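Okay, got some structures for you below.
In the two complexes below, chain A is the common chain; its partner is chain B in one and chain C in the other.
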Partner chain A sequence: MKALAIGFLIAIVLAALAPLPTRYDRQFRDSPNARPSRQFPLGTDDLGRDRLSRLIYGTRVSLLLASAAALLSCVTAAALGGVAGLAGGIADEVIVGVADLFLSLPWLFLLLMVRACLPLNVSPTISVAITFLLLGALGWAAPARVVRAAVRKFNNADFMLQARATGCPTSKLLWRHLMPNAMPILWAQLWITIPAYVLAETTLGMLGLGVMEPLPSWGNLLRELEGGGIAGHPWLLAPALLLAAVVGSFQAIFEREDYSV
Partner chain B sequence: MFGAADRHVVFRQIARIAALVLAAGLACAFLVRYAPGTMVDERELDRRLSEESIRELRSKKAQNSDVWANLRHYLGGLTRGDLGYSQSNNAPIAALIADRAPETLRELAIGLTGGWLLGLALAIPKRGWGFSALAGLLLSLPIAVIAYLCLLEGAGSYLVLVIVLAPRIFRFARNLLVQAYSALHIEMARARGVTEAKILMAHVLPAITPQLLALAAASVTMAIGATIPIEAICDVPGLGRLAWNAAMARDLPLLVNLTMLVAVATTVTMAVSEKVSPR
Partner chain C sequence: MDPLMMADQSAEAIRYLTEGVLIRINRLTQRPEPELATSWKVAKDGTKITLQLRQGVRFPDGSPFTSEDVVETFRHLLDPALHSPVADTFKTEKGMVKVSAQGPFAVIVEFPAPTASIESIFDQVAIGSARVTQRPAPGLGPFLVGERKSGVSIVLKRNPSYWKRSADGKQLPLVDAIRLDIEQNRDLELLRFRRGEIQLIDKLTPDLYERLAADAPRTAVDAGPTLDSEFLWFNQAKRAPISEPTKEWFRSAPFRRAVSQAIQRADLCRVVYRGHATPAAGPVAPSNKLWFKQGMSPEAFDPAAAAKLLAGDGFRFENGVLRDHNGNAVEFSIITNAGNKARERMAAMIQEDLAKLGIKINMVTLDFPSLIERITRTLNYEACLLGLVNVDPDPTELMNVLLSSASNHPWNPSERTPETAWEAEIDRLMLAQAATADYRARKKCFDRVQEILREQEPILYLLHPNALSAVSKQVTGVKPTTFFPHTFWDAEHLTVTKAEGGG
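Right, the complex of A and B next:
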């Protein structure tokens, strides 16, 4: 199952990087709202743009954005969680207190509140940057607590005590002993965070606070569902199905336990 | 009985919750105050307004811009039950919350009860892979998509919350049950002819109750978070929609109150969960 999920994700990434049939923002003004055909396998939208090209480009944007934001979160979590776990004392209390503050609000509530405070009428590129920074900056708290707990455990482990007893310098302790042990935990956090951010970006996009038009992303592509009419136009569900398959594959590879929304 | 050590723990917990809630409100206030465009009032562009009216608008805006002064004023009002005034809704905040809370509380009560009943009912019997696959599919979809699909089928916001929560509870409870059923004493009980119902009630459920209680607290937080997109999409006049509108209109007093309300609900639930199921 895991091998199948990994294979599917690799195929999706390769497909997302493939050349587009047409530009994602090119308008075929003589055929708006066209049904699927050989020229437009998923039809066209209200503005006559090819849905397949937009889906491919949107997949690229959403996956890249979520992965980059997850990386930013995990790097921040590693730095802050590592400092809290190693230093202890006031540094630990301050970092844990701030993490608690972030965790005292539901993730979506926090995300929507902060996003709504930032400029809404911005260019598509800036909207991507805002969404990326928002997800990356707000999602560090939960992974940081995991990293802190792990670092504290490793810091008191026998191999660390022995290394200290033999006079191992601090830098070598960190890079040769602590980091290699903490890396699997960080990878796991990264792997868990990517699908969570894909879902968060989609929700923001569907509420009009994510990536702005004309740049496509899964979030703004799914806004087409607002108009209804899925019964007569089932191809509108293509982004939702692709999203479910991608997130499901991530979850099949590394199962989450909290399933927070 | 309730000893001095217990009182100390409870006092520390209450102090921690109060500090977290205040910090959340303060962070929210600073965020909105320094958000781009907060000090701009589009009414100033109205050419019918006189210089004096515009000066008055600016002075009112300037009064609202001092976060610390507002916080002091707010805390003073809080002791008298006055939560302030919402400019975007043109109504007192206490009245707005009292008006919208019943709808959200009803939604949360039905959603949580339904989600738990459905999630546990599907997790307890040993079923095939069908429910796991369905739960996996629902966990892979954003809440907004589930809300749209339910809306198109004519389902209400209560059902959306049930559908959002049930797979999370199902997946977690199923994992716990699989672990609990694989214990050696369960094998022994089966070998001695103990009925499955008795095994469940006497051996399995007591073993997983602490984890289920922890999940219960987490599910409340999940449900509160889910109400915003659900109410925004399903057009439900509850607190989630109020929060959404306040965020879009940058209604600082209303946002701070709602943030503190949500922070109180979340931290108290987590504290109770930690108390009843210490990990």
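Right, the complex of A and C next:
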């Protein structure tokens, strides 16, 4: 199962990097909402754009940028959670307090607010990068608490005592000894966070506040489902099925691994 | 809510069904008809109207309707503390309107200056009782507000003391009650219509209309182009915090005209509105037969002419990019409100159209409050794609958009003095048409306004959407119209038969 999931994800990533059948933004205005055909295997959308091209490119956007955002969150979580767990005292209290604040913020409204303040004249590519950057910047708190808990436990481990006894400086303690031991946790957090960010972008896209036109993403592709009519147009489900399969694969990869510390 | 404070369409629908007015504009014929006033006489100079009131009309509490109620209603309406949007129609620079009673069944309304389309403004004023201590209070309309479930529905019950009778002598309204459901989700609304849970949907989106027309064509109604319009404008305010090159492009009439000529309006109507829209020639829809300038046609799609205009204005096309005379690549953003699929699609199509001219468009969807903040207060935007809902065909309705001093003047709000000669000319013409009751004189002024708007293109009018509605087979007497309310403007004459099935 795990092997299947890994294989599936690799296939998706490779497919997403493949050349597009047509430009994702080209509008075939004489063929809006066309049914699947040889020219358009998944038909066209309301503006006559090739759905398959948009799905491929949207997968690129959603998957790769969600991964980048998750990486940002986890690196931030590693740094802050590690410092909090290792240093203790005021540093720990401050970092935990800030993490609690970030966890209690309504992220959707925060994203809307920040989005409304962004400069208008940015390209869709930069806009989507900023969206995921924001997600990454907001999402460090939960992983940071997990890392902190793990680091606190490691603090009293034998290898830490030994390292301290040899006069190891704090930064080396953190990066050379603690983090490598906390890597399984960080990996788990990364794999949990990637699908979470994919779903977060999807939510924004469904609200019409995600990736700017003409860039496709899973979010804005899924908006087509709002109109209903799936019974007569089952190919509309392609982005939803792909999203479910990808998110499920992430879960399956770490389903039975024991990451307790 | 006070019926004199109605500011959105939902509240307006309730006002329309529950309140009485002195003169009603028939939504089908666009002509004024007697309601609580049986007749009226407008003075030749357009500054005075004398109304004879209907006798024998009673409020639901049994008290008689007299001139005292009309005078008190207007006193309340014109009270500055009320801040009624309806009162703006009665305000002029030369002073306030005077309303006086001439006996119990006659009222004189005197305007300080000649007033255009004097009868139509009474259609918006709900006449209330002079004896009420609290508003809202039961009115003189065909229905009364009954059960109210916050966020769910409002039930309007028949008003037993309603004065009107049908041609065959039956007491109106013919139905016992109307339930107005508050439904946020349009798809759910259509589903409920198909199930027979609701019988009328006053306004359908083109997508939902097409879906309904495919399954139940007799229930899908397209009444033709409304008075509404969708348009794009450029921020021309000097104080706008946008770059100087961008301001320079936007203030150039040839640039604006070129952009207008590069947009395929027919495609917007065909693809986004599924053919249920008409390309716009200006602010007035062709369905507005009284005020549409005959002979005006929408800006033709002509990319070659657009390129020529741009070249003549110092722009050059290099490697797929349009550059101005200083070498700046022409790139700007268009904002529109998030969640409006039609506008999002239109913006995407405009993006592609202008890309062929070498203009790069960044489309930004914003939540509505943020968008309004930018276009009215901070002016921190470049171009905007929005629409206007027009309920009144009269040009006076457009005063708060076309007057340069107006806060809703899209491209440069609240100008102290008109910044260009053509804006000054529009101001002069709009004020002139508002100051006379002579239709021919008004038409001449407003025709010229439409010409100037076409020459200068401060607003690129794109299309007029059609009035799309859903009408169940159970309901008889519906005469769909392009004016709001599209399906229930004649609610008192509608009847409902027993349900046989969905839709």
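Going forward, the second predicted complex is superposed on the first by the 223 of 261 C-alpha atoms of A that agree within 3 Å, B and C clash if a C-alpha of one lies under 4 Å from a C-alpha of the other, contacts with A are read in each partner's own complex, and residues count from 1 in each chain.
The rule we apply is simple: a contact is a pair of C-beta atoms (placed from the backbone, for glycine too) under 8 Å apart; a residue touches a chain by one contact, two chains touch by 3 or more.
Quantities reported herein were computed from a predicted structural model and do not represent experimental measurements.
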item: Touching partner for A:L112 - first (chain B), second (chain C), both, neither; value: both
item: Which of chain B and chain C A:D158 touches, first, second, both or neither; value: neither
item: Touched partner set for A:S123, first chain B, second chain C, both or neither; value: second
item: First, second, both or neither for A:L225, with chain B first and chain C second; value: first
item: Partner chain in contact with A:G248 - chain B first, chain C second, else both or neither; value: first
item: Residues of chain A touched, compared between chain B and chain C (which is higher); value: B
item: Contacts of A:L207 with chain B and chain C, given as first, second, both or neither; value: both
item: Residues of chain A contacting chain B in one complex and chain C in the other; value: 112, 116, 207, 226, 228
item: Sites on chain A touched by chain B in the complex; value: 100-101, 104-109, 112-114, 116-119, 195, 199-200, 202-203, 206-207, 222, 225-226, 228, 230, 240, 243-248, 251-252, 257-261
item: Touching residues on chain B, where the partner in the complex is chain A; value: 20-21, 23-24, 27-28, 31-32, 35-37, 136-137, 139-145, 148-149, 152, 164, 167-168, 171-172, 175, 218, 221-222, 224-226, 228-229, 232-233, 243-244, 247-248, 250, 255, 259, 262-263, 266-267
item: In the complex, chain C residues that touch chain A; value: 187, 207, 211, 264, 267, 270-272, 331-333, 335, 338-341, 344-345, 347-349, 351-352, 362-367, 370, 380-382
item: Of all residues in chain A, those that touch chain C in their complex; value: 25-27, 29, 32, 46-48, 112, 115-116, 120-124, 127, 207-209, 212-214, 223, 226-229
